[in-house]
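Take a look at this one; I'll ask things after.
Going in written order, the chains are labelled A, B and C, and every chain counts its residues from 1.
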Amino acid sequence: MPSAFATNMRFKLSILAIFLEVLIIVLFGIFVRYENSQSVTKDKLFLYPFFQDVHVMIFVGFGFLMTFLKKYGFSSVGINMLIAALGLQWGTLMQGFWHTEAQTINIDIKSMINADFSTATVLISFGAVLGKTSPVQMLIMTILEITIFSCNEHLVVNVLGATDTGASMTIHAFGAYFGLAAARVLYRPGLKEGHKNEESAYHSDMFAMIGTLFLWLFWPSFNSAIAQPDLQQRAIINTYFSMAACTLTAFALSSLVEHRGKLDMVHIQNATLAGGVAVGSCADMNIYPFGAMLIGSIAGLISVIGFKFLTPFFSSKLKIHDTCGVHNLHGLPGLLGGLASIVAAVAHIKLGETETPSAAMQAAALGCTIGIALVGGAFAGLVLHLPFLGQAPDENCYDDSVYWEVPTEETQPAGQFSDPGDHRTVNINV
Amino acid sequence: MPSAFATNMRFKLSILAIFLEVLIIVLFGIFVRYENSQSVTKDKLFLYPFFQDVHVMIFVGFGFLMTFLKKYGFSSVGINMLIAALGLQWGTLMQGFWHTEAQTINIDIKSMINADFSTATVLISFGAVLGKTSPVQMLIMTILEITIFSCNEHLVVNVLGATDTGASMTIHAFGAYFGLAAARVLYRPGLKEGHKNEESAYHSDMFAMIGTLFLWLFWPSFNSAIAQPDLQQRAIINTYFSMAACTLTAFALSSLVEHRGKLDMVHIQNATLAGGVAVGSCADMNIYPFGAMLIGSIAGLISVIGFKFLTPFFSSKLKIHDTCGVHNLHGLPGLLGGLASIVAAVAHIKLGETETPSAAMQAAALGCTIGIALVGGAFAGLVLHLPFLGQAPDENCYDDSVYWEVPTEETQPAGQFSDPGDHRTVNINV
Amino acid sequence: MPSAFATNMRFKLSILAIFLEVLIIVLFGIFVRYENSQSVTKDKLFLYPFFQDVHVMIFVGFGFLMTFLKKYGFSSVGINMLIAALGLQWGTLMQGFWHTEAQTINIDIKSMINADFSTATVLISFGAVLGKTSPVQMLIMTILEITIFSCNEHLVVNVLGATDTGASMTIHAFGAYFGLAAARVLYRPGLKEGHKNEESAYHSDMFAMIGTLFLWLFWPSFNSAIAQPDLQQRAIINTYFSMAACTLTAFALSSLVEHRGKLDMVHIQNATLAGGVAVGSCADMNIYPFGAMLIGSIAGLISVIGFKFLTPFFSSKLKIHDTCGVHNLHGLPGLLGGLASIVAAVAHIKLGETETPSAAMQAAALGCTIGIALVGGAFAGLVLHLPFLGQAPDENCYDDSVYWEVPTEETQPAGQFSDPGDHRTVNINV
């Protein structure tokens, strides 16, 4: 039974993970050192609370945000952890190769923040293919995406000299369009009519709110962590107000687009975060608090509209099935963030005391980020499309029991009243 | 069908929220600026971890603490988020109008902490009316309560010159009595005999513990965030030991008041926090660690007693139905905190090196806080009593499905075995 | 009905808890003071974010990690809170008696971190006896274990002069072997064949992941909090990479040891943390990032193997039933950490700029820690074995309803479909 074999990860996952870990340890042994300890003072550790906020976002925020599916919580939070644990090690190496002038890659708190950042791109893309990929596929995608991300980041920041402190473009738009391109290549016609597991349950929506809130709360840290020290407070303030304004418009639009005026958890879980994405590129600019709120308000608005109208369109017409709607949370708001940075440059809004960004370079950064993401994502999709990487058959998508030991009495989701003829375990052909 | 119309929020919620956001953006455009960047140093960002702890308390702590109701988790954590997002913007304006001498309101980390603080009052009051109010009503209450809170805070701190670092009086007692007065005006005789949804389920109690623990853990940050820098450590220490002592007495009393000696989750979720409330006014005073523990112990004791004996009395005799028991968590311990500060003043306990608080001013602060809260809350209740603000009919109280899209298989709460004749959806008349 | 009486905690729990709190307040009144305020500067508060991370680990991390049992969530997170609240007060006194030279115990952030640390030992041991002990027993164990822990810590750090910054030995190995020895003495032959409640449910495993992730994320703070300031960054970096590497090998091994290649939540919840335990003793040493990753990789490996093969062996052959598998998460990795510190000493790996640890003293520290833990744990087990401390009868183990008011419709765990003849409440003889 080939499909049964296909999802058995016993040797594929273990051998690939151990191979990667051994490879990384060898590379670390050769290249990676502590930052010279003479320069380590309490001052350096000043960034440590920012790092920890970002760290919580990556593992708790992204992890729990994706637990909204009723039968896919183990995978969401578990594979998220696996991706991030691999990604931060690989990201340390990839960013180190570009960022360092010395013979060695030197680790300090800032490089740890950047390593965590690099994993965010993969976690965003993971949202687009959630429920339809195996852990082995995700390990491969992690390696591919972080490698390409690091090149694009180097290009945007160091070659073009664009500003993107909160990474609206280099992380959010990149991760979203990379994931969408991969999802396009991995499109499953068999899921065209939807899938019975692709829905939330009451408690899974509650778990997802844990993710939402920790992302929401610590986004000011995300957008300010690598800002220049004298601009960090401004980045914090702009993000704080952008998120608050975004939340109001997201609630308003969620109620407005539903004919009975009810709020939709999908919007509250996701669109309330769009303000953090969109204000990213301008976070440390002198856009005034009301400017940040304007960006946030628009972000909340377009994000809800995206969920309501664009996601179904993408799925039915473009054959892009975006499980978590990352296009609405990271893609569109990321584009908005890039556009805002171009507008800010045109308006000569200052970055520091004197510096102003260049509109042309901001536009180039946005363009090359989208382009590289799409091409890179399509390439990754082709690689993941290789057989024997453990994809679940269509009928077992969005189901933890394919890759996890699941407590038996809960194969049946809580509160669902079973058809007596449906008492089989879900993973019959595994 | 008028009741059906009443809870349809489609245009009311969206238009009110967008109107408020536009108004706020305009006011921010006119009045709000960044703090002068020349004075922004790393030193200023020293408060940022304190801010983030408070931020987590507001959104995760308060939000999840209220998820104990079995069918009201979306509203608890979602409307909490909406209130707080509006409140922090409005609080920035209201506090700025009182606090600033300049032409503009200048934002820094400290003003963000104060803005988050101002939302806490509304979230406390929200607990008193939880399950019985609409999102539209809560937006209106947010605007009203924060406006009145800011006036009272100005009166207490600047006019009377009282000390209330951890805000036992100005936030906790104020929020509780404001909410109780509003609940009295909004009293629903139809719920006199209780409501089938007004109870917890196993998992909803677990979610509530997430809220409890993050409140418990970060309370030292709450009580020290706006203390003078040289007194912050003392405020942290006092709160830490007060909470620990309170937890022991809360567990002890919970077991004692129940005839079979079993612990009650309501007490553990709430009364363990009373020590943080009660030590607030004295947090930065030289009361010694054992003094803080004494205050905390008494707070845990009176809080459990309040839940066991006072809440039923309030509900049956005073027509005040206090859903979350905020009187026991914030009201009584807030009073205790105010009284403790009066005793401390009488005992000439020092605040800083030389300063001592004035007993008369502490008493005046407590009195005017309670008075303004009661009058303000009653006024807010009258405003919220206006028709067409979307209140749910009695039978649909404590039920997310009135205002939220709820996953269908979970309209039936997890683990509840249904009467076959009860398969209707809950929100029939919506 | 004696067994009914046995679990009624009404007077036992309340009187013991209040007695302990009164005793502690008296001792605090006599001995405990604030650190001299003249030396309190912002610099001192530099450790506050580290403290808060550790604080979250103790209450949220340990508390939720143990909620994996389907019917024991209230006890896991609630009794964890009770133990920690008592433990941090008692730990302050016990450590203060050893650590101070002055007449008084002076409290600052560092002493609060150490107090939280001391509670960790009890919480680890709690994991070994989880579901089989009463709250009264746990209060007694808290007092006993922290007293013995403080003596051993004094011996290891001050007398032997060993280095154990992240406390692989003094906290993790100590807590594990103390708990295992107590579990041996408290062995219940009636549970030899397993217990129907000793298993997870889907949502309880999700709650447990909250604990796992907060432990995982803040472990770098745990291992660096009491390091010398100039070595804190190194301790952070080593722990960060050790945890990441451990996570990969834990996933790999989990998949490998299961014949269908599925991941097991028990491993993901626990073995991913072993890297933090194992790197503890060497955390601030110059072991290079790849050295930390090597230690972490081995820790993840042995931890999964321990869960798969050693725990069943312990239970069936050694009559040690270790509910949470603390031997695999804290015992074995703690031993590994101690051994690594011996190896590092032999290899002359530097601690600071010049200092090197002594292999003999590291070995002596490891040996005396295990020895004292085993003897102390066995003694504690004998004390807890006294009758009338409220143990549940075998059939009611792992069941919240013995000690807690549990919502009625959820006595039946979510999603479990009941045998119609099984509609009795679980706690019939209580």
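Here is the rule we use: contacts are C-beta pairs under 8 Å (C-beta built on N, C-alpha and C of every residue); 3 or more make two chains touch, one makes a residue touch a chain.
The UniProt protein names, listed by chain, are A, B, C = Ammonium transporter Rh type A.
Computed from a prediction, not measured in an experiment: that's the story for all the values here.
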Query raised in the report: So with chain B out of the way, what's still stuck together?
Result: one piece
Query raised in the report: For the homomeric pair chain A and chain C, should the interface be classed as same or different, according to whether the shared residue numbers exceed half of all numbers used?
Result: different
Query raised in the report: Centre to centre, by mean C-alpha position, how many angstrom separate chain A and chain C?
Result: 33
Query raised in the report: Hey, what residues on chain A touch two or more of the other chains?
Result: 49, 203, 210, 413-416
**Report entry** Partner chain A, residues of chain C touching it in the complex
**Finding:** 43, 46, 49-50, 53, 70, 199-203, 205-206, 209-210, 213-214, 216-218, 221, 229-230, 232-234, 236-237, 240-241, 243-245, 247-249, 251-253, 255-256, 258-265, 268, 272, 286, 288-290, 293-294, 297, 353, 413-417
Report task. Please give the residue numbers of chain C that touch chain B in the complex, ascending. Result -> 8-15, 17-18, 20-21, 24-26, 28-29, 32-35, 37, 40-42, 44-45, 48-49, 52, 55-56, 59-60, 63, 67, 73-74, 77-78, 81-82, 85-86, 88-89, 107-109, 112, 135, 203, 207, 210, 403-407, 409-410, 412-416, 418, 430
